[in-house]
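I have a structure I would like to understand better, so I am pasting it below and will then ask my questions one at a time.
The letters A, B, C and D name the chains in turn, as written, and every chain counts its residues from 1.
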């Protein structure tokens, strides 16, 4: 299990290669890459604030919960903070499991958590000024899917 | 949209890098890599048979359906055939969309389809001999999730 | 006409590809000819989940065949 | 004692980090002192979804504070 915060660009493909290497019992690796969107010019940069020493620990706790809940063999979270240009990766999550259902669900679960409960604060800069982005109604619905007794 | 069959090893990380490059309007890239499992020594090699000229076309049709159903910006399927050693990638699916829900669901959908409806025939070789692998009950349940009117 | 067998059908028959010239006029006639030559294969071809493609298009039920066409018997598929 | 503000709270206050020595004895006393100095900040700190971490652990409700501790006010979070 690995959680990494970085203020510089990262390369999701290189991390996926390392994450897949040498796995002879994990049949399934699901992954997700979140990219900064240009919003057709309305967003010129994204600025993410983290709380170093707290953010990684909180994400690590959630990864541990996902590992137990879905029986993961391994999980990786990489999250950028600082200024991010459109088209650049913001976040990557990868999960390894014996079978695909668990890998997919754990990846989905971790992304829902990161979107609405991980300690980051996100500001979008554009020609019309800057605005703080908080979880959308859809984000809150998404993460609530995992709170009940349903699902694995 | 791209569908590629290959008899040699491929590098999912390199393909993920190419797939993510230059996307300034797709906020979400979901991907999945299926790896050959050693099954604790019970599987020494996997042998996949394709029907060239038919297999790619059928997969392409399914990718087109997924693109329309989930509003994808792009999709990639890479599938190996021939002999595959434990730990090597068999399949990779990547999907790009504006938001994560569509990217995840389309990737999940395409994998369910590939597991139980794509034109491949899979033989597992091991110390106890060889056996053909057909979709499991779980595979059939998984793909049936998408056949009704529910979901997007 | 080319006949292609995939997966376990090829194992049962002991061949993967065969040319029939002149070809049977229909899929039913082709099935009958293959079953006459190999009863185990005949049974397997009509087994659960076996699909047929003519010239790389899935056909359901009966089909007319023509000289130069390609008929493939496809047992239950499984990729990934 | 260090007080940290994140996200829009720092924008409202015009500062991100401040040292208070001696510290208020409780979280309630800290909130009152910050609100006395800046009413808009005081209101924002008690707004919907604002959480508090003391020494990098989330606390709910009241908390005792001690010299050398770190109190962070965390508005609604959004990563990814």
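Here, contacts are C-beta pairs under 8 Å (C-beta built on N, C-alpha and C of every residue); 3 or more make two chains touch, one makes a residue touch a chain.
Because the structure is a prediction, the values reported are computed rather than measured.
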In terms of mean CA position, the chain most removed from chain B is D
Chain-centre distance (mean CA atoms) for chain A and chain B, in whole Å, is 22
Here the gap between chain B and chain D, centre to centre from mean Cα coordinates and rounded to Å, is 48
Per the C-alpha centroid definition, the whole-Å distance linking chain C and chain D comes out as 74
Here the gap between chain A and chain D, centre to centre from mean Cα coordinates and rounded to Å, is 26
By the touch definition above, chain C meets two or more other chains at residues 80
Check: chain B positions touching at least 2 other chains come out as 34, 100, 111, 115
Here the pairs of chains that touch are A-B, A-D, B-C
Listed in rising order, the residues of chain B that touch chain A in the complex are 11-18, 20, 22-40, 86-87, 89, 98-101, 103-104, 107-108, 111, 115, 138, 142
Chain B residues touching chain C in their complex are 34, 48-49, 51, 53-54, 57, 79, 90-91, 111, 114-123, 132-135, 139
Within their complex, chain C touches chain B through residues 4, 6-8, 11, 49, 53, 56, 72, 74-80
